[in-house]
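Dropping the structures in below, format is structure tokens.
Okay, so subunit A shows up in both of these, paired with subunit B first and subunit C after.
Up next, the complex of A and B:
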């Protein structure tokens, strides 16, 4: 809108006002030209974002009625088996929310389902980013922000799970207390600091409440802002395809197509969570009764995203050392702290680990097909297998009763699976990736099998292969070769040790591990040669050759 | 073009179909799941007939005098309640060797069970069949609250807070308590079958036991307040549901939305 024409509608007037003062139209035009690639896997992060919005909305409703206090009271309300029972304010208000406040149970259930789906969708989103290599330069920072968001999600979920102060949440906190106390020397001090005295104390619920409704949501909000800001700034990555390069983005403009789709999608996500909240029961706190340190229920488990820690605790043999009169509980320290710490460390550091191994310092905006990076893909699958086995271990009692097995056998089987499963999964995945690459190469060279058998004049048979069109072939040949880095020798010609040679040796090993076994991508000259050969083959009916395969060993 | 569009829609259709199929199967199971007849009326037992039945069905393991063999313990002094519980829940006669005798439909009539119980009771004093007055279900809030608390403190560690069952070591398990008659519940508490401890009247008075039974039956009869209860197994079944339904449906929606309209 230019400054000389006068708008004659109210909306136009407001727009003009903003435009002349803020230059809004330029911003809107820029925004609306922003392009978004159209692929379902780019919507996974959106699911997480929308679930978070659902969490904010439903959580705000809960704060209106939830009383974050461990002061004693008695519940008086509609749920008969807990009527007039002494309990904490927190538990009583959760029961009131469930039975005596209109819409309260629905909101609780929507909130909790949204929490599970929030973290699950973050996880799936992370898988997408990982397996397509979207974390490579220049997006390492956003990968790190994402990892922190995932951790904050766990923190939000766990602090929320602890708020109702029922038997289940109290048991969860008791485990956390145990894990903290297993830290040598400072453990007990930390635990007393956290609980303001001996567990359970009277302060943990109000403290967790602030963490849950203010600290973590605030941090998540800020980091989500940074995360999306970076996506905007750095632009989306895109899947490889004809016409898609490191210099462009192919997709729909933000307005109107993408905005309409995204807006619609928000309502779909909201709707699904509302349906779940309406029809499927979650965290039926009234079953568990008020927290009391003495009882514990069979089948006590955390929400899904914490299962892996519980599982690690269940699998760990009971190692305990006594050093100079102090007990060091490796049986809790390792699965409860060291292992999750290590897993988080590898998660955050992965982009740097990979670029260190590849020596690749270029920017990447076109995604990898997972098969073209076999070791990364295989490592990802191995990690998922490890995580899943640990999570399964947390359900060992339910597996035992529902499959009619002995819990002892299950525990032993899972101990071995946790150690042997990931390497096996790694090996199988890597083989599959290499096989797929080989297949791609063959396809690009010789085209699709048509099933049409031709007999030549000499009586020879061969199958006619239909060459791919250029678009399809592009996808198969676009990727770069990846080879292990070659580092200069450890000593120079004068026999003087090169500084950093030791570190380089590790780097060389890592790089070999990543890139030694590989299928060389087709070069243009190979392709051209194959074309010629193909024509020739059609005429002469020659058989095909196996493609060149480079392997390390 | 139409054909193409139809093919793109298909993944979502599959998801929806799958969902519907699962819901229908679940509902059908809930309707068709076995229910147990309430057999709390006691008939007077005939010791002589009981002995004959015992010799025919039980003596091979428990011995002709019920004094036990290498295969099975002595039944002298276990009382009528133990026999009534074991036989009416189908645990005895033991069918095959498993870590634990499973509950199964019994082959004996109520009269048979009463006779067998009377015979074993005649061998030595032991817990008797519970009196009917303790088997009436109470519905007042106070009794339910008491029963719930007693159940959480004494039983939930094995049977789960809502009696959904739980695992013990080496293939043994505390069974789910749905469909168990009040009489069998009472008998289980006084006789402590297998790995279950005995809750005698000093531990849990008869009225306490009645409260526990009333609470368990209350849980069984009340509809789940929050909707589908997913087996009342807690966070694990919720986790499964979130992934198997939630994430699948959400991704299905994403695939559907991004499928290009043609």
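Up next, the complex of A and C:
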């Protein structure tokens, strides 16, 4: 080492220690000035990450006091109404944690709120990634990792919800048991293996505990590492804008701006969770009592992210048949397993479905504006509508009591809405997207309305439009209008059938569905022509014109 | 309507190349001019921002101290109010401590750190052709050196071994639980077992069951049984009394299963097993609060709405010498949610 880099300060000494052993200087040099594009919607994934860290911290505190056992005990503690009531160790320790440990209730509530936020932020983050097309090549794998993370989040949430062994969590498990038992052939066995015998048994809490505190968090940590590693390696996407291209990244360096903002944001998320935990009570398990298979109260809902499955269970008609002496319960199988499986499958496969339809094999680092990809946006909105209707269905009893309506009417309405709502939402969204694109085109072509009315010498009135500057205009004209793929003919000139022609026809149908209806972005020649025409029209005294629009069929 | 731009602007709007031709697409105009913040140009504003950041960090310090003081000062007693006070003050202190740091750091970054956006180039994810050739070479060399292609016997036995080696892991899971056998078709109910109140286990006299009343019932001895929760999850019963003439179509097979209009039905929903705990006296409907399966007691608890398919199984009951309600037998069919072998 040369004389000039010999450290003579304490910090320099530490840096030297690390560099000579780990080669840290290379990493610092390479990473610390890495650029990150700035946009509020890029924080959504950050919220998920930070709420996960809050979950790890608050959860660790909870494990110090929680006893994951279904052994029976008799509660004696600060909460008088449940004194001398027999209950499981799990429930008793949850009560002790809430009432006898200072800060225990706070940590429980912080943990629960952070769990809700974790899944909510992942969901909204996925919306952002989906609607902006951030999942496109080369990021399909990271989309899949993210989808698995969201599923693991659901698993973490559900397993944690079940641990306190109160009346509500026990009923949640009861429903899971019913869903598992509906699986053809192996359902009964799976249920007996999961619960170590008949429901509820004495093993499910310790088993879920290890799933909740080790297995799922471990997997989430590993996948979060991969997820973020890929974001670093592939560099972040950016929104379209002047100066931003598919070949560059425009943003702030990791050090110091991004580190300060992101690090600060972690504390903000944690702080807000702490305030929620202190001011807004959640899951007051002491009100429900210990689990018992016979009592239950009306108006009990699962945590929000399970609502859609519960709602699907409620909407399903009683389709159950006995075939050759065996029972098949479609009333449970479809909403409990098939539907969530299908939704997850489409979610994970979407990037590949879309690139198959577009035939686009290029890398994409500039995000789409949702309006410029109407079918994707419409499909996303349709999926959200479907999901929301199912979630709403899980509150049908509350809707009935609060709105004074018949629960049967509400259920029937939601059954139809679940089927008809998504296609209607799809159609409306697609029309809105195309409308917005037309508006963009108009704006790029004619500029902003100024509200200033001018009368010409020969008495004609017109409103003055102020042309956009080139930076504002760029946002409206930068995108490609994707076109349906063109196929070679099914048979060549010698009448020989082309291999794969049938598969290609399906592909072309899909491609047409995606890209048939579109608005071509404005081109310079159109803009120039429009202006030339205007000047001409001004002279000739006529100004009618139509935007150039291509629509399908 | 007439829409026109200001005259004469068109020549500036579109950039032509040297030959005067228009490009096919607009060209990216490059980054817009930078706009300076107040703190960039005015040292006073910068000083102000500095003070605000420091104030936020100061709030954090106060919050931390407050949280620690609150921990010792507001110890929860056996009252809700004291627990709430402890919870609120602790959380408030912690929240301020964290938010102070977070907001301070963000404010610092936004007002005082450079806000010039920078640009760096991306590189295609794909390796260069040379990389790819080299990588392939390395892999091929590795494969050739291992001889995996030349020695199919080694390869195939390895594949076979790998395919099988996970099996013990699955077999080891066998003892996760016992086999179901007939446990789902049997409950604690049997001939002569008394119907007792849930949860205290007091036997029920037929005379106490008045018309319109409802009893949550467990079999006698359930609380003393080896696994009371598992037994209760199957054996819980609902007893209602109604005018026998209310029954819409009498089922001759169920003749004598009730005691003078006292009917006993399984409490466990045949959908996914929640307790069917809501009873509408006027309509004699039973409602499951989980997914709203509705059963009609005037039709032997047939499903009239919701996702369940099967009626609630009826428990045949009788009256013993002392006037208490007893079961005639176990249920005639499995109770609770459906399962494959149920038939």
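Operating definition for what follows: the second predicted complex is superposed on the first by the 532 of 553 C-alpha atoms of A that agree within 3 Å, B and C clash if a C-alpha of one lies under 4 Å from a C-alpha of the other, contacts with A are read in each partner's own complex, and residues count from 1 in each chain.
Going forward, a contact is a pair of C-beta atoms (placed from the backbone, for glycine too) under 8 Å apart; a residue touches a chain by one contact, two chains touch by 3 or more.
What you see is a predicted model, and the numbers here were worked out from it, not measured in a lab.
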Inset, instruction - Examine A:193 and indicate which partner it touches, taking first as subunit B and second as subunit C; both and neither are also allowed. - result: second
Legend entry - Chain touching more of subunit A, residue-wise (subunit B, subunit C): C
Legend entry - Contacts of A:57 with subunit B and subunit C, given as first, second, both or neither: neither
Inset, instruction - Using the touch definition from the top, say if A:384 reaches subunit B (first), subunit C (second), both or neither. - result: neither
Inset, instruction - Tell me which partner A:343 touches in the superposition: subunit B (first), subunit C (second), both or neither. - result: neither
Inset, instruction - Have a look at where A:485 lands relative to subunit B and subunit C in the superposition and call it first, second, both or neither. - result: neither
Inset, instruction - Have a look at where A:183 lands relative to subunit B and subunit C in the superposition and call it first, second, both or neither. - result: second
Inset, instruction - Once the structures are superposed on A, label A:247 by its partner contacts, choosing first (subunit B), second (subunit C), both or neither. - result: second
Legend entry - Touching partner for A:432 - first (subunit B), second (subunit C), both, neither: neither
Legend entry - Contacts of A:235 with subunit B and subunit C, given as first, second, both or neither: second
Inset, instruction - State which residues of subunit A lie in both footprints, the one left by subunit B and the one left by subunit C. - result: 38, 80, 98-99, 105, 109, 261, 264-265, 268-269, 272, 278-279, 292, 294-300, 396-397, 407-408
Legend entry - Contacting residues of subunit B [partner subunit A, same complex]: 99, 141-142, 144-145, 147-149, 152-153, 156-162, 164-171, 173-174, 215, 218-219, 224-230, 232-236, 238-239, 241-243, 245-247, 249-251, 253-255, 257-258, 260
Inset, instruction - Name, in rising order, each residue of subunit A that touches subunit B in their complex. - result: 38-44, 46-47, 79-85, 98-99, 105, 109, 113, 116-117, 120-121, 124, 167-168, 261, 264-265, 268-269, 272, 276, 278-284, 286-289, 292, 294-304, 307, 394-398, 400-401, 404-409
Legend entry - Touching residues on subunit C, where the partner in the complex is subunit A: 1-10, 13-15, 22-26, 28-32, 71, 75-78, 83, 86-92, 94-106, 108-110, 113-115, 117-122, 124-125, 173, 176-180, 183-184, 198-199, 216, 218, 227, 229-230, 232-234, 236, 267-268, 271-275, 277-278, 289-293, 303, 305-310, 336-343
